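Below, chain A partners chain B and then partners chain C, in two separate complexes.
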Partner chain A sequence: MMKIYDYELSVNCYKQRLLLGILGVPYESIPVDFFPGWEHKGEAFAEINPLGHIPVIDDDGYILRDAQAILVYLALRYDPSGLWYPVTDPRVAGEVASWMAFAEGTTNTASAARLHDTLGYPFDIDTVRAGAQKLFRVLDDHVWFHEQQERPWVASAPHPTIADLALFPDVMLSEQGGISLLDYPALRRWTDRVKHIPGFTVMSGIFPAPAGAAPAGAAPGGATVGRPR
Partner chain B sequence: MEPDPSTSWYPVARSDDLPLRHVFQGELLGRELAIWRADDGFVNVWENRCLHRGVRLSIGLNEGRELRCQYHGWRYANRTAGCTYIPAHPADAPARVICNVTFPAVERYGLVWTCDSPGGVAPGDGPPVLAALEAAAPLGLRNLPVNAEPSTVLDELAAYAFVPTGLLAQRTAHDRPVAGSATLGTEELGAEVSVTDRGHSWIELTARMGEAASRVVLFVQPVDSARSVVRGVLAGGADGADGADGAGVHSPERDQMAVLRHHHRELSRLRDAIEDRAARRPSPVPMTPRLQQVRLRPAESALEHDRRDGGRRTGLRVSVARRWDTADAIVAFELRQLDGLLPTPRPGAHIDVELPNGLVRQYSLVNGPGETDRYLIGVKREPASRGGSACLHDTVIVGDVLAISEPRNNFPLRRDSFRTILIAGGIGITPLLSMAQALHWSGHTYELHYFAQSAGHVAFTEILDSLGPDVTTHLGLDPSGTGSVLTRLLSDPEDGGHVYVCGPGPMLDATRNTATTAGWPDHAVHFEYFTNATEIDSSSSFEVELARSALTLPVPAGSSIMDVLRANGVAVASSCEQGACGTCLTAVIAGEPDHQDVYLNASERRAGDRMAICVSRSRSPRLVLDI
Partner chain C sequence: MAVSDTATMGTPSCTDPVALHEWYPISALVEITPGLVHRTQLLGGAISYTRTPGGSRPVVWPSGGEASGAEVDGLAVDHQLPVRVKFGYVWTTLGRPEHELFDIAECDEADRRIQNGGSIMVATSAPRAIENFLDMGHFPYVHTGILGAEPRTEVLEYDVEVTDEEILATRCLFFQPQAALSASDGQMTEYVYRVPHPYCVMLYKSVPTDASRMDVIALFCQPMTEERVRAHNFLCMVDAVNSDTALKRFQQLIFGQDKPILENQSPRRLPLDPRAETPIRADKSSISYRRWLSAKGLTYAVIPATAPSPTPAPTPAPTRSS
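Our next item is the complex of A and B:
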């Protein structure tokens, strides 16, 4: 069975659990004592990932590290629809890759602010928060203009992709790093849509969507969001 | 921004910021707001905190009719923000006084407007009406947060430079592919832009180039002392109808995107400059929103009335907005408050209605969750009417004003049950309809069984239809047929399941007996009698001691405890005054009550710690009450 070297409060581990849940792939979570044990920085874990980062997956002996890379692998290996990483459409695939790289930026800023505020990591908090605000402005602009064109997701496909999952947790948990989403209403609507993806799972600090009507465009294949009146 | 901010209207969101089941997080003058549209279209603007633990309601769940706090599940009703359910007290109706702070809301020009005037009371003038935006369908521009003082932002927006709409559309259609349209610059076209009008929080600019002209109104939302949101609206929309020359043959959607992108790029450029300058100034002190006490009672007059009338409460005035025949011999009345909001009803609640002939009668509310702009009741003409139902049927017409009480709930609904069985007989459907709607719209599992004489006797079919397959009607059954259906329905007592029943006395008795026989515990069987058919024996005489009032009074044969208390100036709340509704339930400290009501169940009667003082008396010579 698929194993994830996992930490409940890590957004990068959560992304993998989210995709595995949506794809219905069973997996075993191997807890890593990230805090306060620093197990991922220890000698034993260096055998698994010399960079000392989680998540790492072990899929029947195939070991892969890096949050975004694992999403790519899982989508290509376990999504028979081919929609989560739609490589047959070069333009959409390119957009997905570009937003996956953007997710590295939110990890280095929004996630860093969260690690500072919740686990006491010694980052320059003003710098990382300002960096996150800058990225969120770009992402909110992008999502808003996509909504105007009835595109509910980050890439221009009519269905969600791994780019949405790569960005979702950092946006959703940014308040834990002191970054309010008040200035980013389009991001808040988009997170609502992600929560309505069938198979969506939660983590500590991320709540499920209400039962009942899903916002338009949330189900895979749906493509409509409200237009200005 | 000189005028009093508490009476000034500001935009706080776009109308399309409030899609189905979303909760928008906003802020005005340092006060955070939770803004959500209910399924009936009403826009709620509330203080962004739960009254329980202060958690932001913007992370809560918009259930379409109620907003549920994410933390401990408190529910608040559409429109009134009245608390309708507290999961930690599932068997109780929350106090009527728990209401969040609301603000008025108006939608205009594709924006949601409010003002810092708590209580939902709107200053008379409303949001500004601007000639430029009235003429043709305006186009909302991308909202733009700016980290700078609102008054400075307004001044600096006078330098906003843009290109008339018609030219933008033509250029993008003929000269450039859509991807390149965003690089079209103002300088290269050289439009002349001037300020053509201005208000205390907005500025109107007109761009001219040759024959083409466009107007934009930029509204500044004062978020806090150093934060603003610019909300632009373009007159005439994306087709350039506002003075531009004729549009060519091209896609309107593409034009609209090009126009939106042009304004967003130019406004962002200006925003960056404004923020640069603001960053070099000392930051002003953040605003402190005026906090006020959560309002206690919607109608002060109700309190006054209580005192005058020894506890009866018919202090609300409503008018009959609509009446219609909903079934054979059943008339539905829709009641609307003369001004302001009605108190928030909970499923199972009833009101007292003071009739034109002086009688007071109780009617259950049929309202669904979040349906807070009216009360809906169903009145059956009783063949043996003592004047209540006949008076309503024969004399009360649309436009009449009635005095009613606040809703009272002695038949509260648990919303934590895995299985809820609702059983209605005849007009007993009314409280159960309100329960069924609450369970339906919050996604709970339930079944509603409605026993009626014939299809013609089935009331409120439009509501039943909206509930779908969870409703079963049982028509034309005789008592034994009804009995066998009840036996089947209740054959499977379940841990955590609950049964609610309302209808004629004999049917209620049968249901309760069937449930007990099947093994349902008393606490899981909830019932409401409309009338108390037992003959009251008031032949006893005894003494009643009021522990908290330090009074001891004799209760002679022929007088009720309630009569004696009122005669001695002790106000007690009451409603039906015949031992059916439970409003006058009073705690017993010592003595043995002689129960004659139909409100308490068998185990509650045995416990002897509460009694309905309108009809019940004492077996012991002395009764000590907690009054």
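Our next item is the complex of A and C:
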């Protein structure tokens, strides 16, 4: 069975659990003592990932690291619909790759602010918060323009892609790093749509959408996407 | 290091004698690197700490200009603060407590799994964190499917005893789908809650695999400022199966669910005026806790009751009607 070297409070680990849950792929979570044990920085874990990062997956002996790379692999390997990483449309594939790279930026800023405020990581808090706000402004504008074109997701496909999942947790948990989502109304609407994707699962700090009607744009694509069974 | 940490170098902003003459946890002992400076905040002031070379003794002092991560000889530090090592944590004080720290008898049992489940900073006051820990009513809504589940949301009547030293809530029963990592099924779980310190709370809950014993889980709060706390999650478990990492993960999963709830409570300081927030039955221990803090004269991280209540304070909770 697929194994994930995993930490409950890690946004990058959560992205993988989220996609696996949506795709209905069973997996075994191997808990890593990320905090307070720093196990991922230890010698034993260096055998698994010399960069000292999680997540890492072990899919029947195939080992892969890096949050965005794992999303790519999981989508291509386990989503027979091909919609979560739509490589047949060069423009959409390019957009997905672009927003996945953007997600590295939100990890280095919004996620860093959260690690500082919650676990005491020694980042310069003003710098990382300002960096996150700059990126969130770009993303909020982009999502707003897409909404005007009746495109509910970050890529221009009519269904969600791994780019949405790559960006979602950093946005959702940003308030724990002192970055309020009040300033980003389009992002709040978009996170609500993500929460209505069938198979959506939560992590600590993220709550499910309140019961009720799904927001416009969530159901049609999501309902058919990535449910091989 | 954050600007906010260096802005209050050395001098605590707290003038409340009740808060000053108290012991506080500042770190798990094993998380302190001997010979290096660690920094944190206590009661609004910056403090530094290290362990002496060889790691034998923790040393704590009001911060000067030293940077976090710098090398330091703990033996040569002037103006050392009093230190205790208990439950695996380093405790210190900015005042002169006349009392020693409370005890947890279960820590002496040989097969206990004792560890720090994680020291996590939360943007709330210490008393808000304590009060949330005491509240069973939120289990089905915040810890859905683990510590509670709808529709079994009822908090049954329970007993609360209050002395000068501590608050003890007993006979607390709640239905839990997964009471602990070692639980395989839903069960009625019995809790005892104990508050032996203004900012420390523990629960004793029946062990899923051995009904005669109780796991102990504590929240030791380090008040960094009035509205910011570092919550040390202490675990003292009976569990022969799960790894330390798995036990910590379960505790962090639970605390991670509480964190955004705590951070969205307003005001962040706990109001002690009985008229400030409307109590319900589940709040019986919370009402006792607020009164107990008032009786101690604590003013730090709370909003003290400003004037005596014109009418007698409401009874803690109605008796069980069903």
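Definition applied: the second predicted complex is superposed on the first by the 220 of 229 C-alpha atoms of A that agree within 3 Å, B and C clash if a C-alpha of one lies under 4 Å from a C-alpha of the other, contacts with A are read in each partner's own complex, and residues count from 1 in each chain.
In this section, a residue touches a chain if its C-beta (ideal position, glycine included) is under 8 Å from a C-beta of that chain, and two chains touch if they have at least 3 such contacts.
All values reported here derive from a predicted model rather than from experimental measurement.
*Asks:* Under the stated touch criterion, which partner chain does A:35 make contact with: chain B (first), chain C (second), both, or neither?
*Replies:* second
*Asks:* Examine A:82 and indicate which partner it touches, taking first as chain B and second as chain C; both and neither are also allowed.
*Replies:* Neither partner.
*Asks:* Could you say whether A:199 touches chain B, chain C, both of them, or neither, answering first, second, both or neither?
*Replies:* neither
*Asks:* Examine A:210 and indicate which partner it touches, taking first as chain B and second as chain C; both and neither are also allowed.
*Replies:* In the superposition, A:210 contacts chain B only.
*Asks:* Report, in rising order, the residues of chain A that make contact with chain B in one complex and with chain C in the other.
*Replies:* In chain A, positions 207 sit in both the chain B and chain C interfaces.
*Asks:* Which residues of chain A touch chain B in their complex?
*Replies:* Per the touch definition, chain A meets chain B at residues 141, 144-145, 148-149, 181-183, 185, 188-189, 192, 207, 209-216, 225-229.
*Asks:* Give every residue of chain A touching chain C within the complex, in rising order.
*Replies:* 7-9, 31-33, 35-37, 39, 116-120, 122, 124-126, 175-176, 178, 203-205, 207
*Asks:* Across the complex, what residues on chain B touch chain A?
*Replies:* For this pair, the touching residues of chain B are 13-17, 19-22, 24-27, 32, 59, 61-64, 68, 70, 110, 139-140, 142-143, 145, 223, 229, 253, 256-257, 260-261, 264, 441-443.
*Asks:* Taking the touch rule as given, give the residues of chain C at its contact with chain A in the complex, in rising order.
*Replies:* The touching residues are 1-4, 28, 31, 40, 68-69, 116, 118-123, 230, 243-246, 248-249, 252-257, 259-260, 263.
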